[in-house]
Structure formats: C-alpha cells, structure tokens
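Chains: A, B and C, in written order; residue numbering restarts at 1 for each.
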Amino acid sequence: MSEPAPVVGIDSVLEVRGLEKHFGGLYALSGLDMDVRKGEIVSVIGPNGAGKSTLFNVITGIYEPDAGDIRYGDVSIVGLRPHQVVKLGIARTFQNVRLFANMTILENAMVGQHCRSKGGVFGSILRTPGIRAEEERIRERAKEALSFFGKRLSGYRLEQPAFSLSYANRRRLEMARALATDPQLLLLDEPTAGMNPRETLELRDHIVRMRDELGLTVIVIEHDMRVVKGVSDRVIACDYGQKIAEGTYDEVAHDERVIEAYLGTKTTDD
Amino acid sequence: MAGTEAPRVEAVRLSRFEQLPWRRIILIILGIVVIGVVGVGATRTLTLGKAEGGYSAGAWRDFVVQGTAQGAIYAMIALGYSLVYGILRMINFAHGEVFMAGSFGSFFFADAYEKSGFLDRDPILALAIVTAVAIGVSVGTAVLLERLAYRPLRNAPRLVPLITAIGASLFLQNTFRGFFGPQPYGYPKPVVLAGNITVLGVPVQRIQLLVLVVAVICMTVLQWFVSTTTTGRSMRAVAQDREIASLMGINVDRVIVTTFVIGGVLAGIAGVLYSLTFEQVQFTMGFKPGIAAFTAAVLGGIGSIGGAALGGFVIGLLQAVGPPLILTGFGIPSVFSLKDAFVFLVLVLVLVFRPGGLLGTGEAEKV
Amino acid sequence: MAASRWVRMGAAAGVVTIFLALVGLIGGFTDVYLIGDQIVFAGLMLVLPAFVAGLVAAAPRVEGGERHEMQLSEAMKAAAVAGAVAGVTFALAVVLADWIGAERIRTVFLNVSPQLMEFVNFGQATGPGALIIVAISALAGVIGGALRVAPRSVRRPVTAAVMVTLVFGFLQRVIPIALDQLKLERDWLYSPEFDGLTWIGAVVVGAVAAGFSVLNARFGERLRGGLARAGGQSGPAISPARLVAGLVGLALLLVAPLLLGSVISEVLGTVMVFALLGVGLNIVVGYAGLLDLGYVFFFALGAYSLALLTGATLNAYGIPPEPVISGHLNFYVAIPIVMVIAAAAGALVGAPVLRLRGDYLALVTLGLGEMVTVLVGSPWLVPLVGGPSGMRGITDAAIGGLAFRDPQRFYYLALAFVGLAAFISWRLATSRIGRAWTAMREDEQTADAMGISTTRFKLLAFAIGGAIGSLGGALFAVKIGSLTPASFQVLVSIQVLGLVILGGMGSIPGVIVGALVLVGLPGLLREFEEYRFLAYGAAVVAVMVLRPQGLVPNVRRSRELQDEERAQDEWAKAVEEGETSPEIATASGATT
C-alpha cells in the first residue's frame, strides 16, 4: 500500500511562528510557536483560557491573527477563509459539538465531502451522469468515514436526524464529518469532554487509529491526562497564550511551570 | 488518506483566482465609483450658472436649514431605534408606526382645536395637549408592541423578532387604515407657526425653528436622564449585559418597558412636529421617516445615543443637500423626486462599508 | 388565582372584538351570508374571540413542569367565565358608544356605522342588546371550552367539520361556478337567495369532512405503514391524508380555469405569478436562509427588461414612444436573456451585501428594493421606462397564432413556468448545492469551517432566486400588457415574503398553498381585499410568537434536543447494562 502523495514538505506539516491574537484588551495568543511533524499526534494542554481553542480558530481561518505566521507545508495560510483551509487539508472538530442538527447523520458526513466535489448548478438541475456519479462517490466516502467508528453510525441510523443521537455519538459524528473532508491534518478540540470513562478510552484508541490506519497528523486539545498520556507523541503546554513547555508526556507532566499553571488540577493516573 | 481502494487525494493547491481577496477588491471598486460620482457631480453642479439650473447661495442656505430641521426629527426617531437596539439587540422595525400612531392620534385633537379656534387663541396650551395625546398614543403603541410581540421572543435568534416586527408594522399600519381610512388628513397649523422668522440673519420657517429647539431640548434631557438618573444607569447596565444586570437586582422587564416608553415619547413629539411641518397625516407616513431614522441610527453607530442624534442630522442634511448637489451636475431632471432613493442609497452604502457606524470600528459586532 | 386568569382572557377577547368592530370587520359584513340567512360573517367575528377565550381558558395548564388537564366542571366554568367577560367587555363598549352617540364617534372611527350599531345590538334597544351579547359570548366561550376538553376522537371530526364548512361558506363565489360548469345541481348546496351555504348543504359538507377525519384517524396509521413498506423506507412516509390532498390539489390546479370561468381564472393567474415569485424567494429565504425584503427589485427588473426587449412603448406625453433601449425579440427568446440579466444584477448587487449579518441584510435589501421602486417612477428614467405613466404594448407571448393574454390561457402559461421553477428548485434542493444551503442555514460558521464557501453559495441562491423572480415579473408584464410603477411597491416584497413564511419555508407545496390563500382568497373575496395586509401582519406575528418551530431551525432544535437527549441518555445507559439492544429510543419512549 503506497503512501498518499504528500501535500506538504518532507517532514513538517504545520509551523506556527509568533502567533498573536487579542480581543480588545484580552490577549488570547501572545507569541505562540509550534511545530508539528507528519504522522505525529501532538497534544495541547493548558488551563482554561490559555488560548487553545483560539489557536485552532486562527489556524482554521475563523480569526485572523494580529501577528505571526502559520505555514502549512510550504504555504502560508494566514488570511485564508475557513473553507479554503479545509480544502488544503486541515479539518477540525469543535469544543461544543457543532453538528447540523436537523440534517441526517449521513448528510452531515456528506457535507464533509463538499470541498472534494464540484457539482455545478446546471449539472445539478439536469442530473447529468457525471453529477450522479459524484453524488454516489460522496455518499460512499461519507459512509466510509462514518464506519470508522464501527456499527454505531451505520445502517438505518444514517437517515436519522443528528439531534436524535446520544452525546457521545454526536461527538463521533462530528469527527466522522471531519474525516470525510479527506484531511491531512486533523485538529480535535476536547474530543472527550463529557464522555464517560469507557467512551473516553475508546476514543483514545480511535485517535491512535486515525494516525495508524488513515495516516493523519493529529493535534488534540485535551484536559483528560489519561488520553494525553495514551495518544501523544509530544505534548505542548500553554498558558496565557504562550507555549510554556514541550516534550513527551512525562517531561511535561513534571515540568514546574506546567504544574504551577494548573495549580493542582491533577487527574488520576491509570 | 490511505485506504485500499479509496482514491488518492491529489495535491491540493488553491488557485490564484481563489486566493485574491475578493471582498476587498469589490469594496474598493465600489468606493471609487461612489467617490467619483459624488466628486464629479458636486463639481459640475457648483460650476453651473443660474440659467443652466445652478443654485444660488440663498438656495443652498435654504437646503441646509431644511435639512437640519428634518434631521432633528429624524434624530428623535432614531433615538428610539438606538435605545431599543442597545437594550434588546433587535431592530424595532415597527418604530415608524409608533411615530405614525402618535401623530395620527393627536390629529383628532388638533383638528377639533382648530375648528373651535382654540388652536389659535392659545396655541401653547393647545399644542401642549395635542403633544401629550401624541405621546400617550405612541407610548401605548410601543408598550403594547413590547408586551405582545417582543417580550415572548426575547431569547429567540435575531431574525425572529425582526420578522415579527415587520408583521407588527404591517398590522399597525393597516389597523390605522381600518380605523381611520386610507386617505390623508390635513393637519392644522396654528397661525403663530406659519411664515418665516429671521434668526442670525438667516430666514427660517417658524416651524423649523420650533422643531430644532424642541429636538435639542429633548435630546439634552435624554442625555441627562441616561447619564444621571438611576433608571438611566439601569438602562445602561441592561444594555451592557442583561443577565448580570438582573443578578444585580435590576428589574430587567421594567427597564425594557421604560426604554420603549422613552422611545415612544420621543416618537410622539417627533410625530407632532412632523405633521405640523408637512401638514398631513396618513397611515403610511411612518415608513419612509422610519427607514431614514434607522439609517441615521446605523450611521451614528446603533446603540449609541450621541450617534443617533448625530446620524439624524447627517441624514437630514444628506437628504436635503445631496440630490441637488450631486445629481444636478449630471443633468438629471427633478432631483428632489429622488430624495428618498438617495436615503436608501445611503442606507445601503453605510451597511456595506461601515455597518458599525461612522464612529465605529468598520465592522458590525460579531454574531 | 385561576379565576383572574379567566377574567383576563375574557377581557382580552373583548378588546379584540372591539378592535374587530372598529377596524370594520363586523359592520361591513353584516350581509355576507355564510350559512342560510342566519350565520353571517359579522356574527362569526363577533363571537370568535369569545370562543377562543373559552378554548384557551379550558386548556391544560402547565404547573410545576407538569400538565394538569382540567376537570370537566372546572373547564366549563372557566370557559363560561372567559366568554362572559368577553361579552361584558364588548357590551360595555357598545353601551358607551350608544350613550356618546355613534355618529359622533364616527367622525373619528369611520366604521362605527349605523349598520354596525344595529347589528351589535341585535336590533334591540341598548339594554337588551347588551344582555344578548353577554349571553352569546358566554355560550361561545362554553362551546370553545367544551371542544377543548372533549376527547380527541370527538374534537378532531368536529373541528374538521366546522373548518371545512366555513371554507365552503367562504368559497361561495367559486364553488357554485364550478358546479355550474360541471352541470351539477347547486341549489341544494348554495342558497340562490343568500349566496351562502344552505343549512342542508352545510350539514352534508360538515358530515363528510367529519367522516374523512374519523377515517383518517382510524385507518391512517395502518395506511401509512403499508405505504411505507411498499415504498421500502424505514422512516415516516407521507401521511395518506396529505398524499390524497396533494393529488387532488394538483388535479384541481390543472382543471381550475376550465371549471371556474375567466373572472376567477384572472385571479388564479395572479396567484400563479405570486406562486412563481414565492418559489424564487423560497430559494433565497427558505433554502439559503437569507432574509430578503427587497424582492420587488427582481420583479421590477424582470418586468421592465422584458418590456424593453420585446418592443413595448412608453406611455408618457411629449416624448417619442420608443424607449432609449429597445429590442424586438420574441418572448421566448427574451426570457432567458431577462433571467441572465437578473442573475447578473443579483450577483453584482449581492457581492458587497450578502456578507452582512441577517437583520442588516434584510434592511439593505429593503433599501435596494425601495430604490428600484423610486427609480422606475422617477422623471429621470422616463425616456427608458416611462415614469409614472409607464409602458404599454407588452407582447402576449404568442406561439404561432396562440396568444396567452386571455385569462385562462395565461393561467396555463404561468402554471407551466411555476412547474419549471418548482422543478429547478427541487432539483437544486436535493443536490450537493441544496445540502450546502441547508448546512449554511443551520450553522453558517460551521458550514464555512467544513469547506462550504458561504459567500459563493449565498450569491448563488440570490442570483437564482433573482432569476426566477424576474421570470415572475416578465409573466406579470405579459398578463397585464402594460406596466406602471404602482405595481412595484414594497408591498410586493412583503407579500411574497409573507407567503413564503406562512406557507412554510423551504416547502414548495407550502408556497403554492400560501399563494392560493394569501393572494387568491383576497382576490376572490373582494370585500376582504382591504383587510389582506392586516391579516398578514397579524398572522406573521402570531406565527412567530406562538410557533416558530419549523420556520426557524434553531428554535426547534433547542426544544427537541432536550427531549431527545434525555431519552437517549436513558437508552444509552440501558444499552451499556445490556438491557436493550442498540435501537433508537424516541422522546416518547417508544423504540424503533
């Protein structure tokens, strides 16, 4: 099985340099640097308000940074609109699950394939064979992405509206939707928030599978240290919009500054 | 993504076409066109001789005076929009009808007083009563609107109250049509307000002077009220953060009703002034001033009191001076028939270029 | 205290009745007979508020998070009180009016006419008249209350019977004509003397409607399941009632002009034009979720461009009749050009404007529509579009020798275009493009983050919607044969928006029904023409305040999400513990 043609340079998928973003007087990001290499799973940890979600929002183009650069491969993506960023291969999930609640599960996943399809107006009206084939392909890809999570999001479920799903399944659907965009880099924002222990461990395995089976590079924002420990190749700790530590889980977990930043919110180790 | 039979994802690059900042380009082109039209039109108009349709200095002076008086009325209506928007983050589309209601309601008293001679015997008292009636009807309409149409929708997504407001506006207009008929009624003007008066060497219609004086007084009082009194403070608090304000013990419902009341008072006064100026009431009279006033509120930065006042005067002036200044230069006949279109154009341009208002940041607040 | 609630409801109902009287809906309709010579529209208006008050007073109360159904006796008491109070309120107003003198009030409130006063006093002196009002209102309230507490098996058929009978009563100008055309007896159904339904006719119609209702209740579920199995779906199929209604409706649409004569066909032609506009605006508002208050922009653009392209002439005095730009194309050649112009204009105008937030966008579009309204009537553009006098000599869209200005022929032309537009709309809705629109409507920011260029798709919706709107304008021009600016006011935008909203955003059959009701009914029932916008306004407010679900996805989502979440959590727990198999539980607890 050959490797998919890499979009990006040899090793580095994402380079963030000196990223700054402030909202009025609030400095969400004040000079953040980060490197992510191909095939890595990097966790980003830090207390609430440390700027982690803002980082994702800036990378994906929802906000424009006030200073700094973000390079995806050899291309700077600062100033691109979110849909352009997705097209380049960066997909994301949201901290507070943002599904299209009144669309069916399959439709949600099919939206992911939007950026990989063309479907023009006249073709859609006339239902040309090309369009029909594309719709079929979109449908199949969507189902494939959904099947990554097993039988839960399959079968008759596909036609159910998304709001009828359980919480954990909604999170999975959001991830499947992101997978359906055929990304190279996946940004997961607190994917296990609100899940029970069993679901959390299952998701931890899913994330590793994403890297192993699908060849993705993953950046995960997480608070649950069991997950961080279990998936990460590297951990980056942030506080007040800056990187304060970087390294393996053990290195970072014992770093003084990190402990201070968290002020005693240690979760139990397995 | 790897997959045994899945097609490979080709290397993705964004085309040069897609990368262009289209939004900015369009805005720049549009801006150049607008500035060009304004500049060319104005220069040509000002260089026109009398015979070709140019305007004398006296004509310009009249335009300015008229625009200022009209602007004062717009300012008072605009304040209603701004206040309600500040508190509820919604556009009270039916505010134009609140204005109309006051004017219409007061008509019957004004008419009766004129017929009995009271209006000319004791104009001050008569007008005071007439204005009180107008205020009463406007306030009543505003409060009813709030209670029945807006309060149930306080937490709905923004479009729902807007659509409701449109429906309410239709309903109110047609209620007045049903009650009083579709025809315009002639609004009386007391003799004391007819004719001109010279102020600082400038001939001004007496009614225009009254409008300006009343408007300035009202706005000063309002400013004092909002910045000094407890209620005013509560209003500002609720406008900042409704939840926290209620946690601090402020009765949010009452503050909201107060806001509508104030807006209604101003609209009622504006209604009387407007009808005295144009000597007419009709069930449709709220629509165009309503839009002009809304434009004024947005222009000045919606939610801001000073902004609404400023915006009102600017819009009034633009409406009075703009068409003659810019359009005459292009040889367009009958420029004043286009003055409404002019205001609408200003509305569109303001929302396209600076939805945050002249004094704002250039961006509407984030959703 | 519960009783104060009933009193308040009754008082509100009484105020509504006063309002109806002042606005003219009672006094002007004392001789519009609905059934026999006893039930007149004015009477209906008189007791309807009291009836509703009784209905609401007897409704189950929600207290402490639970529903309390009312006991029969309490419900009856509540309803009677509410109805009586409504009657008392109104009676007091009548007494006051009599005391002040109706003629004096009439100088202000134009509708306080002698007919009105005689009617509300029931031809009696003031005292007895007032008592009758109170009694009748109380009775209406009680009936409302009784209906509310009646078991569903009774309430459904009765409601159906009453509604259908009233509809037949309203359509007294339409149905008899159709019956005449079909050479069927009509005098048993519609009274030749009073124009309304006969009592026999009313009873028959009511009974048949009630019968259908009972049948639907009894066999509807089974039929639905059977249809679903036949269709191979697992989800809910169309209810058989709806399917039948749909087919019947379609058939009626096809044969209507033949049955109903040219006067009614003329009205139906206008209905079809508005339906076409509705289909177009539905794409903008219903699919893409953009609130457009200036749709008249495209309507006018289509009408005037068609006129100019097909050689219409100016009506103004003192200038040559030929417009400065004029073509002499055939209608069918001009139509695609008109649509392209509109789409281009839409894209041009939309580009700087569509990125605005929802409510600002609405107002900008309003401004644009208004500008066009002013411009087409302005002296400046007289050499192009004729100013206030407009243009005339619009083509009659003839193919070969077959002209389409005749009302019945025009209807079919318009119907064909509506069908075409509906087809285009449907195909788009079920395509990738429609998916993108739905996603944008649900959550614009997330759609953008999932690869949908919101600007492009908004522009697309705006342009396509505009093209269809321009088609409507072109057809309108053909229908009338001439154009004046008076036809292009903001009211057109509001009307089309009204029928899209009230017809159910995103639903094409809804739009057509909306056009029939909101444009057709006032057109057919000339007396109600005046009250059209009053009813629109009230309906929009009522719908938005009482039931915005289905119209605005977010609202529905937040309410139903909570129910479903609770149910799903319980089910998920059960699955974990191995108690149930993984099948979906619905909010009501049933498993599928």
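Quick notes
Assume contacts are C-beta pairs under 8 Å (C-beta built on N, C-alpha and C of every residue); 3 or more make two chains touch, one makes a residue touch a chain.
Since the structure is predicted, the reported quantities are computational estimates derived from the model, not experimental observations.
Among the chains, the centre nearest to the mean of all shown protein C-alpha atoms is found for C. Centroid distances built from C-alpha atoms place A farthest away from chain B.
Inter-chain contacts peak for the pair B-C, counting C-beta pairs in contact. Separating the CA-averaged centres of chain B and chain C is a span of 31 Å. Chain A and chain B have Cα centroids lying 46 Å from one another.
Chain geometry summary: the mean Cα position of chain A and that of chain C are 45 Å apart. Multi-chain contact residues of chain A, defined as those touching 2 or more other chains: 84, 87. Of all residues in chain C, those that touch two or more other chains are 445. Taken together, the chain C residues at the contact with chain B in this complex read 19, 22-25, 108-111, 291, 293, 351-353, 355-360, 362-364, 366-368, 370-371, 374-375, 378-380, 445, 455, 490, 494, 497, 501, 530-531, 533-534, 536-541, 544-545, 548, 552, 554-555. Against chain A, the residues of chain C that register as touching in their complex are 234-235, 423-424, 427-428, 431-433, 435-436, 438-439, 442-443, 445-454, 460, 464, 553, 556-557, 560-561, 564-565, 568-569, 571-572, 576, 582, 584, 586. Only residues 60, 62, 81-84, 86-87, 92, 94, 98, 100-103, 107, 110-112, 114-115, 117, 119, 121, 124-127, 131, 134-135, 138, 152, 156-157, 159-160, 163-168, 177, 181, 198 of chain A touch chain C when the two sit together in their complex.
Per the touch definition, chain B reaches chain C in the complex via residues 22-23, 26-27, 30, 90-91, 108, 148-149, 152-153, 156-164, 166-175, 177-181, 287, 291, 294, 298, 332-334, 337-338, 340-341, 344-345, 347-348, 351-352, 355, 364, 367.
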